[in-house]
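The structure's right below; bear with me while I get my questions together.
Letters A, B, C and D mark the chains in the order given here, with residues in each chain numbered from 1 onward.
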Amino acid sequence: MVKEATEKVIPNPFVPYPATLTSSVDLTTDVKLFTLELDRPEDEFDYKPGQFAFVSAFGVGEGPFGLASVAYRKEGLQFAVRRVGTVTNALHQLEPGAKTGVRGPFGNFFPLDDYKGKNIIIIGGGIGFAPLRPVITTILDNREDYGEVLILNGARSPSDLCFASEFDDWAKPPRTKVELTVDAGDDNWNGRVALIPDVLAELGPSPKDAIAIICGPPIMIKFTLTRLKNLGFGDEQIVTTLEGKMKCGLGKCFRCNVGEKYVCRDGPVFTFAEISQFIEQF
Amino acid sequence: MTKILGKTGLESWLHNIMQERALVAPKHVGDLILFDPVQSVDEVVFDYENTNLSPKEFFFPRTDTLFTTKSQDNDVELIPTIIDQETVIFGIRPCDARGIAMLDGPYLDDPADSLWAQHRNKTTMIGLSCTKPAPQCFCTSVGSAPNDSSSVDIMLTEVDDGYAVEAVTEKGERLLQGVELKESDVTLSAPSCDTSVPAEGIVETVKKVFDSPYWSRLADRCIHCNVCAYVCPTCYCFDIRDRTDKGKIERIRTWESCQSKGFTRIAGGHDPRADKGSRLRQRFCHKLLYFPQQFGPLSCVGCGRCVVSCPVNIDIREIISDLQELGAKVG
Amino acid sequence: MSEDNSPLVIGFLCNWCSYAGADMAGTSRQAYPPNIRIMRVPCSGRVDPLLIVKCFEEGADAVLVAGCHPGDCHYTEGNYHGRRRFALLRDLLDFMGIEKERFRIEWISASEGKRFAKVVSEFTDEMTKLGPRKVG
Amino acid sequence: MGEDFTQQIRDKAKELLENGAVECVIGYETGSDGVSARPAFIYDAAEVDRLAFDNTCTHNLVKYLLDKKGKSTAVVVKGCDSRALNLLLSERQIQRDKVYVIGVVCPGVVEWGWNKRSEQLQKRCNWCRQHTPVVSDFAVGEPITEEPPAEFADVAEMATKTAEDRATFWRDQAERCIRCYACRQACPGCYCIDCFVELLDPEWVGIRIAPDENWMWNTIRAYHLGGRCISCNECERVCPVNIPLSLLNRKLEQEVLDLFDYKAGMSEDAPAPLITFKKDENLGIAE
């Protein structure tokens, strides 16, 4: 059990890689998409869809955010950040050129290679859609590896739909559908006004050779899960990424645990087969 | 043969240690006895049951600077904290030392916490075995003993004409270099400590009673004051935030407790442990279930601090008994 | 304490009376020591005791709260509430070793530029004599 | 006291639970050390024999009523605790018709200790001027009608020290503080949903567990109880590092008495001194 503390200098895992904010774009009224470049080439890291990193607003603190970009495109590290607290407020005030820091990548990822040949259903609600964007990018960049793809994106209102400018591109490839829905429309909205679980029931995707990837607020996940099960999806066919309060990302601060599992290290990506084995309700 | 260090010999040894290193020892602070840096041997308390706070703060300080930043010409330099100070802790009890060694589990797990590792490297622990355990102590019930030398560098045991000395680690041997020890054939008594806490098999039991209403009934009484966590040698939750002082930014971490409201509340407002019962369960399940699952031993060393310090008598020994009884009923 | 060892005084001035009074002092060229750092607040009743304690925590030597004369509050009764809070806080701080003299409450109207200058000068003098806070 | 009080409390609790008047009785039982009392929550009339009352019943059980909002609850209170009831009633935190008060005339409680029964009365009991509960639906014990006037020798003693010594004294206390907030958690008057000390924006108090921040916390905690503290002194009892918080509380109690002629928790409708004012008072300010 006890490991010998070694004499060699151990790098401090709390020190982030210095980075510069290169662009900051409004996605919705309270969500911005940040693009960061690491300052030192030797810090460059590889990462997979579903992983996350901590972004620092020096002087305020740091917070964990899902990586919204894909590593192989080398377009910088992207994070979609909703303004909800002190750190995200501070990040929203940064101008391009500002110095920041990145610590990561942390956590596991969506095993997209294992999903090859399968039909994919991607369901995201609100800011919960952010960690799904690299999943979509990866699948569409390797379109022929996957079967039918259904993307279902919902939000409270049309102006809360994340990545709206990319929907058209996502719908271009064959056998790919993008469905949008909002809880409440506005004057310019011609689309659906319905809750995600209801839209899902209406679309009725087949569970055969399919994987459903969902992310969103707890209440949405709860009801979406019920609908997927009604459609015949098994627990192991449903994958989600959990959100937990985190401070370290290293499995040390014991804040994001669900039972003996850490969201930061054992997750954040879990199948519902795994979640149903958790001792603690989440 | 046992090696003996006389009482005056011990004092001069401690005095010598103090010349080159920081010496931390039990000391009177107000009406408490706490581990604290001492400037002279006179301040050291040799006869005490257990200190009011555990010595974990010399490895996991109440407040620690993770790194500081220096800004210049729109360039930010991040400077990690380096710990230079060599420290010797004298008089650490076997239970407390075991608690610290136990935290190597999470803290040195890859990627290692460099501050913890540095504190561990720079600190030598001189243990003092318990000749008369206090009524709240139950180290023997949780896999240790009043003379357990497994987690210290040097173990001292009080005998008639001084202290029996055992160098446990190389670090300990180095510290003892040049210290004159007498040979003696005295046999060391093995004091006993409360063995009645039914901790055996508790891991399996906790799994069975996890969803019991027991927790929320117990939490009726709990005032979620965090005292248990702060006095505990094995509680290691922390908070991290930045601090700005006259342009200097430091990222600091401080003690925090899973008992505080909002500990798990995420920015959007959702809190998986919003009710008192699930917060209280978290603390005991961490000690009795999660930690054993992750690292082996129960993360309770039986020091009894929470037992004495809890203002509303939430007693881990009683809880372990209750759970075993409850588990037996569940079958 | 500022670098030249002269006392650091934080002044919370109500927008309607005392801040205007300070303004008046300025426009009528009434000299007063530069030790005071002025914060404009809507009302002396808005000065949360937290702000005052925070000033002392951060190392201020003295704090001045100035508002409209009793009866003249722009919000009718803000300064009456403030008066009670400050009276109690001043006693508590004194008990904790921050002498009563270091926390001063004054009623200064918009027309009392001269008095504002006098208060700040006297207060600064007094604080210089009292010396810096020795602990904390 | 002792057995007689215990029996009266048990009988009343049994009656209340049996006739469904309350869902829970909050009282005291003997703790795991077999010596000192601890809070007990009785939901079932069959369990009333757990209840006990003796001179180790130090806890202020009124705090727990904040967890029982909207639920009919009986609570055992001593004189000091009963003032907390009035405090919470006047601040609209609890509803009178949901609380059944079992008021015990308290001869004083002894120093609290684990596994040892002290014979020494707690400090607060020597100062106590409210042995008889100010609110009760069922009285246990003979009311004491005449209480001597308040005295503040400890506060006066502190005031004889120089300002520097006073500052040093409190600095030392702050240095020992570990910011566990047990003082707040035990206090019936501390019920803010978001305590100022945990606010991030603005961050009134930094998170460092260090003398400056700790000093700020202790000062404001005491101040926020100014004119509200009902002198149960639970904050000081629960402090794991023995900070003499009663000195701060009592200083404020004395000042509130002198300045505003007010004693907290004596009635449920007298407004607390800091939410009201008199036009023609000067309180020693800007004279």
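We adopt the following convention: contacts are C-beta pairs under 8 Å (C-beta built on N, C-alpha and C of every residue); 3 or more make two chains touch, one makes a residue touch a chain.
Quantities reported herein were computed from a predicted structural model and do not represent experimental measurements.
Farthest chain from chain B (centres taken as the mean of C-alpha atoms): C.
Chain C and chain D have Cα centroids separated by 34 Å. Chain A and chain D, compared by their mean Cα positions, are separated by 48 Å.
Averaging C-alpha coordinates per chain places the centre of chain B 32 Å away from that of chain D. Residues of chain A in contact with at least two other chains: 85. Interfaces, counted as pairs of touching chains, are A-B, A-D, B-D, C-D.
Of all the residues in chain A, the ones that touch chain D in their complex are 85-86, 89. Per the touch definition, chain B reaches chain A in the complex via residues 66-67, 69, 71, 74-78, 80-81, 101-102, 104-109, 111-118, 120-121, 151, 207, 210, 236-242, 244, 249, 251, 253, 258, 263-268, 270, 272, 278, 282, 285-286, 289-290, 293-297.
Contact residues on chain D toward chain C in their complex (touch as defined above): 155, 158-159, 163-171, 196, 204, 211-213, 215-216, 219-220, 222-223, 226-227, 247-248, 251-252, 255-256, 259-260, 273-275, 277-279, 281-286.
By the touch criterion stated above, chain D contacts chain B in their complex at residues 31-33, 36, 38-41, 59, 63-64, 67, 114-115, 172, 176, 178-182, 185-186, 198, 206-210, 234, 237-238, 240-242. Here chain B touches chain D in the complex through residues 29-32, 52-53, 62-63, 135-136, 217, 220-221, 223-227, 229-231, 239, 241, 243, 252, 254-255, 257, 260, 262, 276, 307-309, 311-313, 315, 317-318, going by the rule given at the top.
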